[in-house]
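Structures incoming, each one as structure tokens.
The following pair of complexes shares a single chain, subunit A, combined with subunit B in the former and subunit C in the latter.
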Partner chain A sequence: MKEVIVHPERCVGCMQCMLACATAHSRTRELFSAVLEIPRPKPRVHVGVGLYDEGFPNRCRHCNPAPCQMACLANAISRDPAVNTVLINPDRCINCASCAMACPYGVIRFHEDAVAPPGKTVAVKCDNCDERRARGLIPACVEICKVGALTYEEMSAAMKRKTDEVARTVSVCAEKGPLSPGFALLNAIKKAQLTT
Partner chain B sequence: MFDPKDATTVTNDGQLLLAKAKNDQVETVWDRHAAQQPHCGFCEMGLSCRICVMGPCRVDPFGEGPQKGVCGADADIIVARNLCRMIAAGAASHSDHGRDLIEVLAGVAAGTAPGYKIREVEKLKRVAAEYGVETDSKDLLAIAAELAQAMMEDYGMRQKELTLVKRAPAARREIWRKLGVTPRGVDRETSEMMHRTHMGVDNDATSLLLHGMRNALSDGWGGSMIATEISDILFGIPTPRKTTVNAGVLKKDQVNIVVHGHNPVVSEMVSKACQMPELLAYAAEKGAAGINLVGVCCTGNEILMRRGIAMAGNHLMTELILATGAVDMMVVDYQCIMPSLGSVAACYHTRMISTSEKAKFPGMEHREFRPENAEEQAVGLVREAVENFTRRGNVYIPVEPAEAMGGFSVEAIVGALGGTPAPLIGAITAGKIRGAVGIVGCNNPKIRHDYGHVTLAKRLIENDILVVDTGCASVATAKAGFKMPAAAEWAGPGLREVCGALGIPPVLHMGSCVDNVRILVLASALADALGTDISSLPIAGAAPEWYSEKAVAIGVYFVASGVYTVLGPMPPITGSMKIVKLLTEGLNDVVGAAFAVEPDPEKAAVLLRKHIEGKRKALGLSSLVV
Partner chain C sequence: MRYVIIGNGIAGVCAAEAIRELDVLGSITMIGDETFPPYSRPMISMVLDGSCPYEKLPVRSEGFYEDLSVTPVLGKRVSAIDVETREVLIKDGVRIPYDKLLIASGADPRTLKASNMNLANIFYMRTEAHVRAKLKALPEARKGLVLGGGLVGFKAAYGLLKRGLDVTMLITSGYPLSMQVDETAGKIILNELLKHGLKVEVGVSVEAFEGTDRVEAAHTSNGNRIPCDMVVIGKGVYPALSFVPRDKIEVDLGIVVDEHLETSSPGIFAAGDVAESIDIARKERWINALWPEAVEQGRIAGWNMAGRPVFYKGSLSRNVMRVMGLDVLTVGLVTPPSADGYEVLTASDPRQNTYRRLVFRGDLLVGAVLINRIEQGGVLMSLITNEVALRIPKDRLLSPSFNYRQLLM
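Let's turn to the complex of A and B:
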């Protein structure tokens, strides 16, 4: 089963995932018209700012067991084991914010939404683009990410790739260098700017 | 926990006024900078391209995503095109400023610019002679008319090369000729750059960057140089004079008018109006003890250099100056005027006035200044500022002003040396002065405000390196006290002795950012006196806190003129390590100078000292190991 996997060392902080996520969860699914919708669509993935102004795409980990699910007395939160996704039912949600208090990653937001009853504020978070996947598409944040900071793949494949990456660094005569020398140089300069 | 983002400014007035602004719930440049984090990495690396609508495109710096734009441009081409368009924008800004001055000169000649006049007859004749205008038997206005016309022609493309390129040392001109980068027309090079960077024109990074040099040279030895020369002719050649600096130059009991921007065409007229007896009497009638004109940014530097008018602050201080509540009117022309200023002023009684047909801002009233109406407009505005004095609320002027000395034009420096650069060369040869560094450029919220400028100046003078500065850098060092002759005590023994003998500060204020050309002229004079090229001299440049496209053009014309230049913030080029290498190493083989990037001014000082001692060694002078 494929999952969305985050590679923070590759995030360049462009925030394209946020735009794509909000658009994918709009009524019209087009950026130009989505910004005119009421309620205004909002992203489920949030790019945070690190200590040295580096980006980090913060999205729901779909924990198992999920603290949000255990905290939800209204039974609005459930797990779909077939796709390893924790889902919120906007009709059952009572907007009590217990899930957000329980969530260790701060990824649950509260606002009106295209799929919620009109005028009702509900808890909203990543749904792994279940609607897009039903149409044979991959999650919107992954599709838009051009640097490989978000990938959609079998966990085992990602693990193997990472294992091989580590293995290659200890090879005899290994070339030890950053993934992208230019990005590493930029980050070194930014760190120096902030610490002087 | 250590939070680097708490670092904002090293200035006392800045810290106090930032606290006041926060208390008044005024949003500042630092708030907006924080809100923008993280910056987009594609854009920071120069890897995003918005030039055409087959795109926009971006290239994955990790090598797995897209490696080419829709047109097929790779990272090298995209980075080069983006950088070159920055150069074009910077060159266009300075050069268009120069054009406005030519129009005033032409207006003076035609009698349609009342209030402006030729103040420097000798300089008019000297520059006219360089332009091949016959000066012996003509009256002044006829010379001015012909000079204005000849300079206008420099903007077009009928020239083989710009007139003032002749001022560069012969060896330097030969390098430019061989490379094919001698600038031909001020507007031509910018226009050609926009053409080359259109989709499907120049797609060779090296060829693009070579034209980038030609475009920057058309600014340094063209548009900017013309701007400085005409400003001197119309408003006077700067001579050393005392002034005061920092937010404390605002006066609680006087009408405070602040001029902001770059072009002295507006600020000079406002300055004149502020001295009119009837307006001073009107101020007294309204309960004010006088009319206090002060500057911020480079138009402030222009009037500081020529009139000793006080300087309230540099780029990152412009919002905070308004937060004093003491500014009755701010008059702006163009460049570096944050569009936020209108909303800051709305929190106080301050009236904001825009004056240029080219530059309009939200929350400002527009009063257009043209050569024919400038005098009249200025008088009207000063009268309204006086009226606004009565509407002041609470005023907070947190500091006492610092003393400084400005006005070191090339003419003034050579004058202080006794009419020839020989004593300076003697001091350098003897090793009392190891060399000279020009610290130039802006402020940038990425670097703690003024920390880069002040730290670098301190380390250089300690090591007997004479500092000349312009623009926002010059305001930073003035506020820190480096621009008084007494600051020589902070200099190394050799520089201290020379400064003491001449009665000059160890950091010399050479003007606004277009006045960087004064540094080129001085460097050429030194090179000519030594019979060598600029790139052989023990000199360097630094832009520790630069932010603007103009600074990119300045950096490139400095390096293309043979001056090693250390930048603080990284330009958006790291998407192409080929271009990083070319600009930081490869250019040495092409123009005998290159860039370095070092945001830590302590380390930048070491780089500059190493460079200077290396050049001394090559000249056969005593050299130290750094």
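Let's turn to the complex of A and C:
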């Protein structure tokens, strides 16, 4: 099953994922109209700052078993095993913040939301873009990320790629992987500049 | 295998579910005092303050017992356990045999010793029946009196205030929630409540109530008469273990359990508000009568009863509450027993109305109080629970921008 994988070392802290996430969870799903909506759409992914000012896209890990689910006083948190997603039912949520106290990653926020009953503050976190995926799209944060800090793929494929990358750094014989698009052109230009 | 579970609170419910994960054939009998479907006890204070409807209390369906093929024995209290013959005795003389027994009988509100306690509109706050009775009395009530500044008293006072009552709270310590938060945070909470019209009297207790049918006033130890037409008693709880044979099962304040939640008597387990385990932050035996602990202990006790030796690390005190305009989160050891060996860091920002207090023992975080900006409280709690030695400067944890990434170096 494909899932969103975070590569924190690639994050440049541009916060595009936050914008895309908030837009994807708005009523109109268009950035320009979303900013005018009440309640103002808010992101489920949060770019934090590391000790050395590096960016860090922090999102729900959909833990199994999920500490938030066990701590929930209102039985509002459940797991959808078909898509491996932990979901919060905004109708049952009582905004008690027990889940925030249980979450070891600090990814749960509390505010009004387009999918919650009007005027009700509820716990909100990543839902793996289940609505977008039902329409055949990939999660919004992955779609927008321009530096490959967020990818949507099989966990085993991502691990293999990482292993290969490490192997290439220690073995001269290892096959070279293709550079990211654009890099070949950039290198060619630089080489041309050096020779002239 | 015959499993018997005493108590149908959340610890008992989670234990039954855990047993069924591993053993589909064994018979499970649950003996419970309350006949209502399994419900969320912490939510009764939200029912009182009106933020949650009474109908939303149940956290399992009506068919819970049937779905798990559990035999419910409801509306009954256990009178004794016969450890020799491995039987549980119920009040009306029925004996239920067991192979594995779980005591998850929970706790009862600490009773108040005062005269005229039989007057109407004097309530405890523990069960759905208690809150149902209060809801019935609310439309007539104008002046509320809350005894106790602990979590229950505090939530009752908050609920009655939100319902528009004129509320007086009597507390023994100088500020509410003295067991949960430090003095600074307690004063911030107290000020917030005072701003919303709460009256507080410190260091007094009630000696008698006055009234014809319903309560009309309370007489305090310092000779005052406080008019009131609704009283809520929140003097804490004590473990419900009157039926436990103390010569066979080790009992301290609660039933003493080991790291598999088994009592000193083999085959008998305890979980929830009645169990006394090790407090992770305090490093001593402690009862943390809390919902998330009851859930975890129930699950782990259930697995152990069904034969899988799952380890239980210990419990941790914690609470999170929203008080008018404040969000308050508290975890672990907030007031160190001595200054020796502990380090306390605090930060506050009056403009943002935030306050943070962190308690360290060496390079371990052992306690935290947060007022507002509580989203990262879970990260702090898992640092305490997992006893992670801190490798970054301690004051980083005080900053509102602290996040999980900063722990990764």
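Here, the second predicted complex is superposed on the first by the 171 of 196 C-alpha atoms of A that agree within 3 Å, B and C clash if a C-alpha of one lies under 4 Å from a C-alpha of the other, contacts with A are read in each partner's own complex, and residues count from 1 in each chain.
The definition used in the following text is that a residue touches a chain if its C-beta (ideal position, glycine included) is under 8 Å from a C-beta of that chain, and two chains touch if they have at least 3 such contacts.
None of these values were measured; they are calculated from a predicted model.
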Touched partner set for A:74, first subunit B, second subunit C, both or neither: second
Partner chain in contact with A:161 - subunit B first, subunit C second, else both or neither: neither
Contacts of A:193 with subunit B and subunit C, given as first, second, both or neither: first
First (subunit B), second (subunit C), both or neither touched by A:10: first
First, second, both or neither for A:148, with subunit B first and subunit C second: first
Partner chain in contact with A:29 - subunit B first, subunit C second, else both or neither: neither
Subunit B versus subunit C as contact partner of A:49, first or second or both or neither: both
Partner chain(s) touched by A:185 [first = subunit B, second = subunit C, both, neither]: first
Partner chain in contact with A:58 - subunit B first, subunit C second, else both or neither: second
Contact residues of subunit A, present in both the subunit B and the subunit C interface: 49-51, 54
Residue ranges of subunit A in contact with subunit C within the complex: 8, 46, 48-51, 54, 56, 58, 67, 70-71, 73-75, 92, 94-106, 108-110
Of all residues in subunit A, those that touch subunit B in their complex: 10-15, 47, 49-55, 145-148, 179-183, 185-186, 189-190, 192-196
Partner subunit A, residues of subunit B touching it in the complex: 3-5, 7, 37-45, 58, 60-66, 446-448, 451-452, 568-570, 574-577, 580, 597-602
Complex contact set, residues of subunit C against subunit A: 40, 42-43, 46, 51-52, 56, 59-60, 291-292, 295-296, 299, 318, 320-322, 327, 329, 331, 374-379, 381-382, 392, 396, 401, 403-406, 408-409
